[in-house]
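Questions regarding the structure given below will be posed in turn.
Per-chain residue numbering starts at 1, and chain names A, B and C are given in the order in which the chains are listed.
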């Protein structure tokens, strides 16, 4: 991106301001992408992530502000409200036996509607206050590190996290061998709630949030989904959480570079973004085939 | 277990339906003689919506009107036509819409139903020339002044007087807000005029090419490309699109002169000499300006006409509240209906509005004067 | 054995057996009937005035054609999030062509070809490159969203209108009813009596098994997506006819709205053998009636959101439940 911007005569791309913005944007993207990916990893697509995050930010931000609380109160409330909302979703899903997408779409509509009913439908605007500190550089790394640690802890060091892999690979077989799926769902949503709460903390600290309706929060979800796809591939070379974080920073670099080139926010950026996503995903899907072709050739030559 | 679950869900559904029925019945409590007016706003919440509703609630009894609200889409014409159709279908005799979107199609619906349309805080830029002679269109009241020239010059004068030397320029794209080009040109012309006679050390540098925001917050690379700016003229809604980026990048030392307003403390506590002092100018239009299309509609519905009724629909300027210092902000907090959301703070009482109707001897000149007498000075004089 | 006993008991119980087997469909229909009854009362009869019926037809038309086409995609357990921006771009392209040539045939053929190409792309490229179909659909969403933005930006205005052609003839209620019935009949036939419907439902139930039965699943996926493409092209004409103009947000909400329509009709998004044409029809009618009825009844804007959400939640809890031991995905 630096070379491209330099080629177009933009010489301010590698400046402290832009690098700081890249790390700030990348951190927020990584936290939200981790929450989306955790459900993916357990074989589910949770449509309600965006709505949970927005509602959490509105409730926690307004309570903290009205109570004159500090940044740690905001952090604690975000995590608590995020967990409560996620647990409500998990209970509705696991006891209703409604397919997860449909169930989470319904929950999304309810959570979005609640944003109109609380705090006089004002949404949230705390960006210029001290409680928004975790949305800024370098404090933003604190929620990011907490999110990564929770993700890694759940995925690699808990029985439920490991069972989640079995459930995503072969749900029926996993249930037949005695894995309690409901327990997995609830525990997975608990961790997702914590990560979404951290996402709400950062998102609410960086953005003015308006009440939402008609699944508009799904666009928030879709705007953070690309790093999930890319991170899943990058994660094969290391740890998936690291892959997602690296992919998120990579996307932030691309966005900033396009901004510097003067195509940020417009139609051209969307098109480049789409092509990049497809090309990357297509390449990562073909990498094993390409590898096996090379392996075969090497084998033939050696024989 | 399953049966119990189904019973619970069935009961839940029944409960929702009963509650809905009760609330709906309550909504339909109005008597049949009132004139129903449909209001389409482009937001469904916020201080402007609250104040508009409070104003209309305050005058409804005196005018024997009932108001029904819908939210319009800023980008979807078909959705707006559906919203207008639903208002017509629910018995509205007149519509007041804040969006110039699918206007010609909506006017066709109005003609079919024999009802009228007026505009509110919108210049109907795209369709005005083709609809101004339409008998079902009663005219519109603009969000401030139709031409942006005056405000551009006023901000330039402030910048010169307050001694800022390096000015950033930010606006929305021309295709969406063409009048921001007039503000831009007028500002630059005034600064050029000043620079022509100023000493070198006092000359003001203006950002060579104005940054256009594609309805997304300002990008951080703006500060990297414009490192020395000490003030920004934000012709677009700077509260939502510029200020968050200034805060994120610890650049609130840059002064912001921008369109728009917010009742939020995070904005008002950083205005003028308060807080970080980033905001130096905020501007908003008064919700009481809705009086213009409302009175024009009621005249048409009641078959009345002003003695000086214009031959075709008009695009009328409205006065705005310009907040330039802490005293003016305090006045707004104390006396402006936009801030307080209370009808008692309105520029016009119910009887004032009623007196503007043609049947009560009002004239078009009086009506225009009423919506143009709501400036900061008028507010202070209240 | 137990199943046999169950079947016997069902057939013996007659009506009760029928109700038990079709419980979810009955709930969907009941939802629609309840909407009609409640809004007839609360709208003071305005629901049935001739003007409202004409606007209901106008609103339903685009949703219905799209939902019927989407049935083929959703019955495979896939979704297409690009349909909204596709509608927007097709509307703008039609305006460009109509204003330049005045030829509706040329405009329609152009967007039809584009829609078919998009369908083929969604169906085939995902299989060839081994991608989830949501990725190709997201790609199209980003690309078409960008194109829509650029096209409107080029015009130097917020929107663009048809000048050289009377598009309003397509907004006539009779024409819309004919279009809906024609598309409905074709979809009904294709979905219930041709290989297309059988195989798409088969793919939704179990793609591997369907492929192992000798079905070229890639080919049928492409055909299903192209069928949806045809419906998107037709719907674009009626969408444009409603206002005669298009902007950068035209069509944007349709992708999610169609999903809501289908769910309200009682069809699981996982697709499979339980997919039915009536889900699209009932769901669309319920969805449009909900919006129309609540507004006619004078319900406050902010209250409409929560009423719609709770009704939606209740309907899906009643109609979309899966009786399997495992949690449905």
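One rule holds for everything that comes next: a residue touches a chain if its C-beta (ideal position, glycine included) is under 8 Å from a C-beta of that chain, and two chains touch if they have at least 3 such contacts.
For clarity, every value in this text was computed on a predicted model and none was experimentally measured.
S.K.: If you tally contacting C-beta pairs, which comes out ahead, A-B or A-C? Let me know.
M.R.: If we tally the contacting C-beta pairs, A-C comes out ahead.
S.K.: What's the chain with its C-alpha centre farthest out from chain A?
M.R.: B
S.K.: Please tell me the distance, in whole Å, between the geometric centres of chain A and chain B computed from their C-alpha atoms.
M.R.: Each chain's C-alpha centroid was found; their separation is 35 Å.
S.K.: Which whole number of Å gives the spacing of the CA centres of chain A and chain C?
M.R.: Chain A and chain C have C-alpha centres separated by 29 Å.
S.K.: Taking each residue of chain A in turn, which ones touch at least two of the other chains?
M.R.: If we look for residues of chain A contacting two or more partner chains, we find 96, 116, 121, 213, 266.
S.K.: Hunt down the residues of chain B that sit against at least two other chains at once, touch-wise.
M.R.: Counting only residues that touch two or more other chains, chain B contributes 44-45, 214.
S.K.: Please list all residues of chain C that touch 2 or more other chains.
M.R.: 149, 153, 253, 302, 310, 317
S.K.: Of all residues in chain A, which touch chain C in the complex?
M.R.: 43-45, 93-94, 96-103, 105-107, 109-110, 112-114, 116-117, 121, 171-172, 175, 181-182, 185, 213-215, 218, 222, 225-226, 229, 266-271, 273-275, 277-278, 281-282, 285-286
S.K.: Any idea which chain B residues touch chain A in the complex?
M.R.: Chain B reaches chain A through residues 5, 44-46, 50, 213-216, 219-221, 223-225, 240, 243-244, 247-250, 252, 262, 264, 266-267, 270, 275-276.
S.K.: Applying the document's contact rule, which stretches of chain C touch chain B when the two form their complex?
M.R.: 34, 38, 41-44, 46, 49, 51-52, 55, 58-59, 62, 149, 152-153, 155-159, 161, 168, 239, 242-253, 291-292, 295-303, 307, 310-311, 314-315, 317-318
S.K.: Which residues of chain C touch chain A once you look at their complex with the stated criterion?
M.R.: Touch residues, chain C against chain A: 81, 129-131, 135-136, 138-143, 145-150, 153, 253, 256-257, 259-260, 263, 268-270, 302, 305-306, 308-310, 312-313, 316-317, 320-329.
S.K.: Which of the residues in chain B come into contact with chain C in the complex?
M.R.: Residue positions touching the partner: 6, 9-10, 12-13, 16-17, 20-21, 23-25, 27-28, 44-45, 68-71, 73-83, 85-91, 101-102, 104-105, 108, 112-113, 126, 173-176, 214.
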